[in-house]
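Look at the two complexes coming up: chain A is in both, with chain B in one and chain C in the other.
After this line comes the complex of A and B, so read on.
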């Protein structure tokens, strides 16, 4: 498989402002990710770790202030590479003290206009997105067929309504919806959750994007439907050769689909690497957080002596007061390995320990 | 009894496929027929009045037949206190409602949806501003506002209807804003943007047409009723359409002086017309809403 980069996110910062506490919420704090062409990147992490926000920032869908502040997002398309955040830094003025952003001035209107300009040829055409609640993400008053036809007419060369309808039926068939001709005229409320998610996938793929972002596509579906949707996504990705970013808090979902895995925690990427290296339970190269996540998967060999499931002690820290040292320090089981001081006071760099495998942990770097 | 469509006898299925109205609920069909009858009567009367095709001259006084009741010879609906033909005057009275009422509706809907989309879709400071404007308009007594305008300019029905439209706009705006905020909670708008739909398509097609059309239809029919009622109350105060030009409102007012003498007909006839017309518009709106959105029960 070729390993040309498709999407590269570097040092992305997306902050929100809490009016009550008068402080920044560091939702995405220096995220760097690379997605290779034709591969699947799985982003895993607990709720509130910034998985969705970093992808929404990439798509320019953050509306709350101050939103995206810094970063570099490069998308490699057939026409060449394109920076999605180009021309935006002139609208933001940032004050930095001690490596922390302490005040921000942002011209939101100009920023939004520029984002619209940048994303006009990207949204739908290059990158499509599917959301976690398919019924809420579709127009409840329009039939699914018409919504797909609209996508086809907007984003592909087809201009003829009849041809577009045939194309829509083709896509409905492609995502394995039974009797697509008939389902074409169904409204979203007339479909079950799983079928609605299939229709959503059809809608996202009908514009023939090169990159598909799936934001928790299986949440809210029951277990058998979940695995069917995952199989469908894997199959479609193989057949169409598209690149996929899969966001989930369920590491078993991620492990079934991904070529590469990024583990996020508290607004940063803790580890990114090939699925094999990251998911290796016995490896001493992976991040302690990844290991903790893996050992809390409900499987037989992970159970405690009393038959209970393992869990990671403590809670995800709030992203307002970010610690100076390692973010995971408070919950880390390996902090008593002689380098506590370094872990507590210095933030580890995101360093490559083997080709394509980067970890943010002092223990693994030293 | 509920039977699957495929289990029905073939003649019945073909019958249903051939006649679209068989798919509509019986009650809705009734409402629809009544509403369409009333609206077409209004439209026909409007053109009859506009081209002066009336049974009698509405200002000609028949002094031999003053205040005759319904069914009198010559005058089908009777005459008023000056012996003018009631039917002709009622047909001509539509002139005061049809175009001005449409104007009020157009103003209320367009201005209201403009404000609603602004505050719902863009939010933030615009939303605050629009909300304050709506509260301001809502808190000011509408009748006083209309009387102010009538006093400042002249008692013209169009001025009155512009004010009726403008004061109805905040209601429409609030409804549309709520709908958009509801849609934003379900991330349908966000996903539409992510799919690359242009903003004007999202606002006009998906929000206003698909999701707000029931609101708009109901508000349009309510607006017509509101316009007629407002003219009636103003006429009662003497600020509506001025004599000798007839309107249903000033006919009710003029006739009410003779109620005590037992001549209730000159006042009751236009009052009944107002009632049945408003009912017709309301039921038409209801039926259209049910047909477009599906009956809830």
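After this line comes the complex of A and C, so read on.
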């Protein structure tokens, strides 16, 4: 297997500044991820765990101005390596006195300009994205065909509208939309959710990117359609050999596609490793959070005595005041008296327990 | 037709399936059908609505005029005030009939295309109202253009660049000029143009006589455009719409594609708000036109209505009321049309 790095995220921090609370919301707090060429990285975690935000930060797509965006994101392309976050920190000025934040000032216009500059040859051309809720994520005022043609004309060699249309129809056919030459003239509202998501996949792939980021591509679709979309993505990934980052809160979706899996919780990666190792239900090496996620998948052995599905008690903590100890401490079912003090007061390191498999848990280190 | 496996999530709109049955497989035909049918339906519905509205307006205005004190013929009697003379004139003008008699006579005449003649001048109401309406349209449309030209840059600049030092002053500027009273602004305009530019800017019959000079047109237009009090409203509305649209998910997709967000946001963020604001502000501009036309002696609807109200010239008042209602309806019709053209989803609602 080719293991050249494709996208490397190092120590990414995305903090939003809350004016009311005069504090940072640490949405993404020191995330490091590596995606190898031709592989699929699945990022799983509950809502608010920072999985989407970390990918949106990578693409420079965060609308609400983040207070801080730090870290290194390197994309390896045919032309060489590109640093995607370069030069951004110079536009933020934070005034801290006595450990209290007095003000956060940001030159938003210069920041945006720098982002556009960094991303000029990346967005669409190198990295494509698909989003959840395709009917809102595709322009409702344009036909899907026009939107795909736009992508083709922007990022491929084709300059002729007629050829671009042929290409768009080809891609619509490729994602198994029937009678694509008809569907070409449909607006997103004229398609069902599943078809619209297929069209979006076609659009994302039509620029022949090297990396596809799928941000919750199945959320909001019927279960049967979800499964078909996942099959489609798996098939296309096989055929085209592109690198993929798949984000989902549904670990069963992640497990169907991923070579590597990162489990995120409260803005950090709790566990990362080969899919096989992370998803191993019988393993005593994996993180308690991963195990809790796996045991809330609707399968027979996960049912409680009354027939209900197991769930993870408690809620994702807010990311303003981060506890000193393990972030999962409050909800962890596996903490025991021997180790509890350490869990409560010290943040566990991200320890490699077997080649390529890292876990952030005191249980697995000692 | 290719024979792909049925994906299970296929859906044809009624129009598409009709086209399919008729073997009109060409996307072009389907496209046109999808487009033309809702358009026709909208036009017919708007026209029917307009007819009902016109009837309502005429009824209300007529009733108010009937109940209002004063009459339109005292003036014609030129000093002769004997009871018999008054009675005679009232009789000849049809004023001695009951409310219903008068209204039904007027309505029947209307249905014959006859708006009657002005009591004061004896001229055809229809001709006068049409020429006045055209003059007013010139004035109000040009004034709207002025409003938009002032409001657009402010709205776009402040909504896109949220944190510049110019932001506050520009917004305050928009509010201040919206707060200037129209009549005051009009006289200031005349004062400045006569004293500084040595030019007397009174309209002397645009459309009626063709020797109107550019200043005579420009000054009233500028005054109405600035002073109609809508600049700040347009700015606020546009700002709201632009920033709302820029937050839409499909704009994020456009960014992720590397495409222009303005190209994608144009229809919902600029075109639709513009057409909506123009159509909804027509009544305001017509109201403002009454003052401006009065001050600048502009031969439009506003001045004509004002004069007719003073003279109790009922046929003219009725004609102008109808013309104003038609203009307002027309604005809304144009807006609906643009909405359907831009947003095909509307035809399925």
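As a working rule, the second predicted complex is superposed on the first by the 346 of 366 C-alpha atoms of A that agree within 3 Å, B and C clash if a C-alpha of one lies under 4 Å from a C-alpha of the other, contacts with A are read in each partner's own complex, and residues count from 1 in each chain.
Just so we're on the same page, a contact is a pair of C-beta atoms (placed from the backbone, for glycine too) under 8 Å apart; a residue touches a chain by one contact, two chains touch by 3 or more.
None of the values given here were measured: they were computed from a predicted structure.
Applying the stated clash criterion after superposition on chain A shows that chain B and chain C collide. In the superposition on chain A, contact of A:109 is made with chain C only, not with chain B. In the superposition on chain A, A:191 makes contact with chain C only, not with chain B. By the touch criterion defined above, A:182 lies against chain C but remains apart from chain B after alignment on the C-alpha atoms of chain A.
Within the superposed three-chain model, A:337 lies out of touch with both chain B and chain C [touch as defined at top].
The larger set of touched chain A residues comes from C, when the choice is between chain B and chain C.
In the superposition on chain A, A:238 contacts neither chain B nor chain C.
Touch criterion met: A:225 reaches chain C, while chain B stays clear of it.
Contact with neither chain B nor chain C is seen for A:81 once the two complexes are overlaid on the shared chain. Common to the chain B-facing and chain C-facing surfaces of chain A are residues 59, 61, 122-125, 128-129, 131, 133, 136-142, 150-151, 154-155, 203, 207. Interface residues of chain B, counted against chain A in their complex, comprise 185-188, 190-199, 206, 210-211, 293.
Within the complex formed with chain B, the residues of chain A that make contact are 59, 61, 116, 122-125, 128-131, 133, 135-142, 150-151, 154-155, 203-204, 207. Chain C makes touch with chain A in their complex at residues 1-2, 4-11, 13, 16, 25, 27, 30-31, 161-164, 246-250, 252-259, 264, 267-268, 342-345, 348.
Residue ranges of chain A in contact with chain C, taken from their complex: 59, 61, 63, 106-109, 119-120, 122-125, 128-129, 131, 133, 136-142, 150-151, 154-155, 173, 176-182, 184-185, 187, 189-195, 198, 200, 203, 207, 224-225, 228.
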